[in-house]
Amino acid sequence: MILPYLGQSFKNLFSKPVTEAFPAGDPPKAAEGYRGRLHYDPELCINCGMCMRVCAPQAITREIVPLENGDQQITFTYDMTSCTFCRMCSDFCTKKAITLTDDYMIVGSAHEDFLVSGTFIKAAPPKPKFTPEQLEAMKKAAAAKKAAAAAAADGEKKPEEKAEAKGEE
Amino acid sequence: MLQNMIDSSMKKSPWIFHINAGSCNGCDIELVSVLTPRYDAERYGFKLCGSPRQADIVVVSGPVTMQSRERLRRTLAQVPEPFCVVSLGSCPRSGNVFKGSYAIDGPLEKYVHVDVSVAGCTPKPEAIIAGLAQAAQLLEEKRKEARK
Amino acid sequence: MTNVLLYAVHLFLFPGLLFIVVMGLLLAGIDRKLVARMQNRVGASILQPWYDFLKCCGKETIIPRHARKGLFLGAPVACFVILISAALFIPVFGGLSMSFEGDVVVILYLLTAAGVAIIVGSAASGSPFAGVGLSREMVAMISYELPFVLVLLAVGALCGQDSAYGVTFSMDEIVRWQTENGSSLLHPAMIPAAIAMLFVIPCEIGMHPFDIAEAETEISEGTLTEYSGAPLGVFKLCHCVKMYVMTALFCALFLGGLSTGILLVDALLEVVFCIIVTFLCMTVPHAICARFKVEQVFKFYWTFVSALALISLLLVWIMR
Amino acid sequence: MSEFISNFPILAIMSLFLGAFITSLLGRKNAVVRNVIVFISMALALIMMLALIKPVFIEGKVIGYWLGNWAPVADWAIGIGLEVDALSLFFGLIITVAVFVSGTYSFTYMSHDDSLVNYYTLFLMLSGSVLGLVLSGDLFNMFVMIEIMTFTAVALTAFRNTYEGALEGALKYLVVGALGSSSVLIGTALIYSQLHTLNLAQITALLTNDQNIVTGIAFAFLFIGFGTKAFLFPFHPLAADAHAVAPASISLMISGVLTKCGVYGIIRLVYCLYQNIDRPFVQYLVTAFGAVSMFICVTMAFNQHNFKRLLAFHSISQVGYVITAVGLGTSLGLASGLYHAMNHTIFKGLLFLTAGAVQHMTGSLDLDELGGLSKKMPRTCILFLIGAASISGLPPFNGFGSKWMIYQAAFEKSSQTGNVFFLVVCVTALITSVLTLASFVKVAQSVFFGQLNPKFENTKEVPLAMRIPMWILAILCIVTGIFPGSVANKLLMPAVNAATNTRAYVSAMMGEAYAAAHQVVHAGAADVQLIGVYSPMSWMLLLLSITSAVCLVAVLGSPEKKKLEPVVGANVPNGPMTPGSIPVTSQSREADERELITDDLDPKYESFFSGEHAEYSQVGGSDLFWGFKKNWRHYFSFMHEWHSGILNDYALYGACSLALTLLLCVLFL
């Protein structure tokens, strides 16, 4: 009953071993569709936070540092020691800022070896033209005007007010 | 000279002891596959051994569950010096998807200094080999350091 | 003075300590390499047993609390010394040995004593795994002892047929008879015994399909559970030395008498034959078999292997 | 001087019997007086036996002594004679040494018991009767001594009658022992009816040329009678029952001394009285009895749970070796048998004494319950290991030398005669040796190694007074093992020659002329080519030199290893954390430390338990060799049924074996 193995083993003895050469040379390429080390492109990110919501192991952290000029420095950190490589973040990323590469060699000693992070600066919105007090005053003025106009005639919207509101946004 | 020979053979014959600290079995299977003909870690002297007393590299997989915590700690205590600890997969390092569970008392760093981590869920055998090789290298350094 | 010097050389250099250890490690390395190749792998380097041994020497030795310290540390040394002295009684081709009348039984008992040293060491470690391991070791010992004894008796009966007692228990006598009448393997009655001996060797050593006592996955290395550091290294070394002892015993019993008279050539011949025997009896089963169960080992040795040895013994009986 | 020395045999016997008498008179008041009397009488007997070594062993004399100077009249020996040749003295020496050791051991060992005067009186009577048996030159006297021996032994077996089974064991011994004694008596009567004499020398001379069917029947009776005393095959269960309950010092006497009387009787019978060991039938008979008891008892021992019961079965197994070797009928066989008989007394005595030590300190003999005592009783453990190595025949202890000679003798015999029977015997002996080893591994694991039962946490080492007798035996084990050559030349060869040289035996008592008149063959000095005797000295040196070399290397290598220790902290759990690691909340850290303290000691030195907290889990006792037992389960269940424990059955087995032997003797002798 062991004779088939016997023949095979003798055949093996005189044939080339199937062992990969790996640690000697480059690591072999992973199969297509392999979900390896995550790649994050901060340039595409719009800081929507969707990836954090869908991440089951909570491997994604976001750090927001306000800068002097009102800009925000936003850092997304993807912890590879916490990742389950499910690709949910990538799928949900509307801007395709997250992709999973086929780099599976995620080996290291320090914690930093396992972090994939990207930083981008979110520019602050342009400064509003008016301060809130002015706006308040303007609103009041507008209201007064409106009341006056209503009294005078039927209400029509003021184009300049709309523009102001848009700017504030 | 003998001591130098011992130092250099430290990295040439690292014996592995594998602790499953509540792993889902994925990493465990991959660790065994490292010894299959295709990956054949034995050519670097790696060998799975059955007792922590003989181990040079302790491979831990799984988030440290409450059940396995005491066992893990006791087993780690029984490994003779010098030895390396390798965490296998994402779980020991962070808890992975089990993070925050009432049944988890991780991470592994809480109990022992992890020398090398191999991340991935599960890591590919090549990555495991690379990690183990790195740990083997560390063994020699540790022994040299100990001698000084 | 020269006698003492020669004795020391015999003891520590040529057929002695150094040669035996080097041979043992070499055989173990070759065996490991060949097994790997037969399993389509690259395998560890031939020097791997050296590395293993040296590494073990560099590790910390932990003595468990429940262990009896003296016996725990003494057992590996005792095992090693016993094996070396057993090896000294086995003639290298050309008859270099410390042989004396009736040393076959001494070799048999020294090999048993080496097993007992392992058993005592593991018992002294106080671990329940070691308890299971030593029980298995003992069962394995009972298993191979019967065929082993029968093989030795068969060879003794064949090679001692011309002596006054009709039997010999002397290695020298066995080798001398083979020098005069050709190797006993050429004798048709001896072929079953040789096959039986080939089966006995791996079990005696505890090689893979029969390593029930040290089953690492089932009982955490069994007898060696608590061993670490240098004592473990010595036990691993003993394992290698045993490989040499058993293969050299096979060569002496069945392939003796091929001496050319030149010491170097004889030693080389011995090495080659040892490697061949190692390949046949250890590498092949190791490569193609899974580990046996305890009771399977017992049944296998007491039926099939014993029957082979017994056939041989009876054939010798009839043919003389 | 030689005149005076010829009084020594009777003086040795008398010193023991008188000691018994005086002990019971004076020993009631004061324990010290009692012990002194016992000690003096044992020592006197020992000294007298030692004094006989010179004339008997070295000068080769046979010392005859007629009680009351009743020398033979007109070639008819009417008086009671003592006759000491080398064979008798060989056994006499064994016996006195064993008695001495057992007695000195008892002083401390029996201290827990009361009514010790009775104990020592019976003990000395037992010793005296055994010595009387081997020194006696008279068949009826032998029977008397056997009777004294049996009854005192029965009383001593039941001495601790509070033990469960003590009275049962004693009763079995009494009934089956009486069967043996009466069969000796019947044999004696038949011989007397035919030859009209009871003197051994005269019987020897008369039987040389005149053996008829009645003497054949007498042979069967005597053989079975002595076989009962040696607890041979169908009689072995009662030995186990008796040993298990008897005090250890008495177990030593029963196994080391009483069985030797049976062996002595059989040797005397087949080599000297009947001189029929050359006949194949007798060889088959004796060897078969020996081989069967050897094998069955060793397998029975495999299944025992009681330390002393196990030893008891081994005791019979080893006696089986002796009888097997004796039955081979060659000089080498006899020499190896005698050697093994001596060794058996030594190592089995040692083992029984260690069993007694364990019982004394723990109160238990249960192999399933004991364990891990090597930590508590380290010296006893070493002594036990010496004994176990000896009985398993590991070199360089004495069991190896004698077992080797037995294999050699058996294989040589089979080789010379071309007889497969002796080959089977040889292989059986070798297998028995391995099984012996296995069951002593079992004892070692389940008593001394493995884990300590919490029950025996407070066990202490046995007192020195008990260790000294054990050490005497242990040193004898080693000495007789290392110098088998001198043992063979100085002790065995004279005894073998004496056993085969019947002419000297006859002429010492009845005169040279009488021996010549009956054509008693004069066997020359036995030409034992002791190729079986090895000289371990040379390779003991070798072992020593290699050991020292290895130790040297170990010592040279060690200093660097010590430096490793300070670094340990870096990687140990709960050790200082390296800065890069994830900080631990103080709460959990504290909790961890508290848990660690409840572990009370560093887990590093706990045994590996797959990470579990090490708890009492002894692997031992009956669970140990299941791999072996499973394959033999049918055999073992048969044996289990067969050893029913019912006295009627055992008596029946005895009667059957007697009947069978009778039939065979009538048919073939």
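Chains here go by letter, A, B, C and D, matching the order in which they are written, and residues are numbered from 1 within each.
We adopt the following convention: a residue touches a chain if its C-beta (ideal position, glycine included) is under 8 Å from a C-beta of that chain, and two chains touch if they have at least 3 such contacts.
This one's a predicted model, so the numbers in the text were calculated from it and none came from an experiment.
Visitor: By Cα centroids, which chain is closest to the centre of the whole protein?
Guide: C
Visitor: When C-D is set beside A-B, which has more C-beta pairs in contact?
Guide: Pair with more contacting C-beta pairs, C-D versus A-B: C-D.
Visitor: Considering only mean CA positions as chain centres, point out the chain farthest from chain A.
Guide: When every chain centre is compared against chain A, the largest gap points to D.
Visitor: So, what's the distance in Å between the C-alpha centres of chain D and chain A?
Guide: The computed centroid separation for chain A versus chain D comes out at 86 Å.
Visitor: Which whole number of Å gives the spacing of the CA centres of chain A and chain B?
Guide: Distance between chain centres: 33 Å.
Visitor: On a C-alpha centroid basis, what's the spacing between chain B and chain C, in Å?
Guide: 34
Visitor: When you check chain B against every other chain, which residues touch at least two of them?
Guide: 3, 37, 40, 43-44, 51, 53, 78, 81-82
Visitor: Please output the residue numbers of chain D that touch at least 2 other chains, ranges allowed.
Guide: Within chain D, residues 557, 564-565, 568, 582, 604, 606, 608-610 contact more than one other chain.
Visitor: Which positions in chain C touch two or more other chains at once?
Guide: Only 36, 39-42, 57, 60-62, 129, 220, 225-226, 229 qualify.
Visitor: Which residues of chain A touch chain B in the complex?
Guide: Per the stated touch rule, the residues are 17-20, 22-23, 27-28, 30, 36, 56-59, 79-85, 104-109, 113-114.
Visitor: Given the complex with chain C, which residues does chain D contribute to the contact?
Guide: It is residues 372, 374-375, 378, 381, 385, 389, 392-395, 400, 404, 407-408, 411-412, 415-416, 418, 420, 423, 426-427, 430-431, 434-435, 437-438, 441-442, 444-445, 448-452, 529, 531-532, 534-535, 538-539, 542-543, 545-547, 549-551, 554, 557, 561, 564-565, 568, 601, 604-610, 614, 617-620, 624-628, 630-631 of chain D that touch chain C.
Visitor: Going by the contact rule at the top, pick out the chain C residues touching chain B in the complex.
Guide: 36, 39-45, 48, 50-52, 54-55, 57-62, 129, 215-217, 219-221, 224-229, 232
Visitor: Taking the touch rule as given, give the residues of chain C at its contact with chain D in the complex, in rising order.
Guide: Residue list for chain C touching chain D: 11-12, 17, 57, 60-68, 71, 77, 80-82, 84-85, 88-89, 98, 100-103, 105-106, 109-110, 112-113, 116, 119-120, 123-129, 131-132, 134-136, 138-139, 141-142, 145-146, 149-150, 153, 156-157, 160, 164-167, 169, 212, 220, 225-226, 229-230, 293-295, 297-299, 302, 313, 317.
Visitor: So in the complex, which bits of chain C are touching chain A?
Guide: 34, 36-42, 284, 287-289
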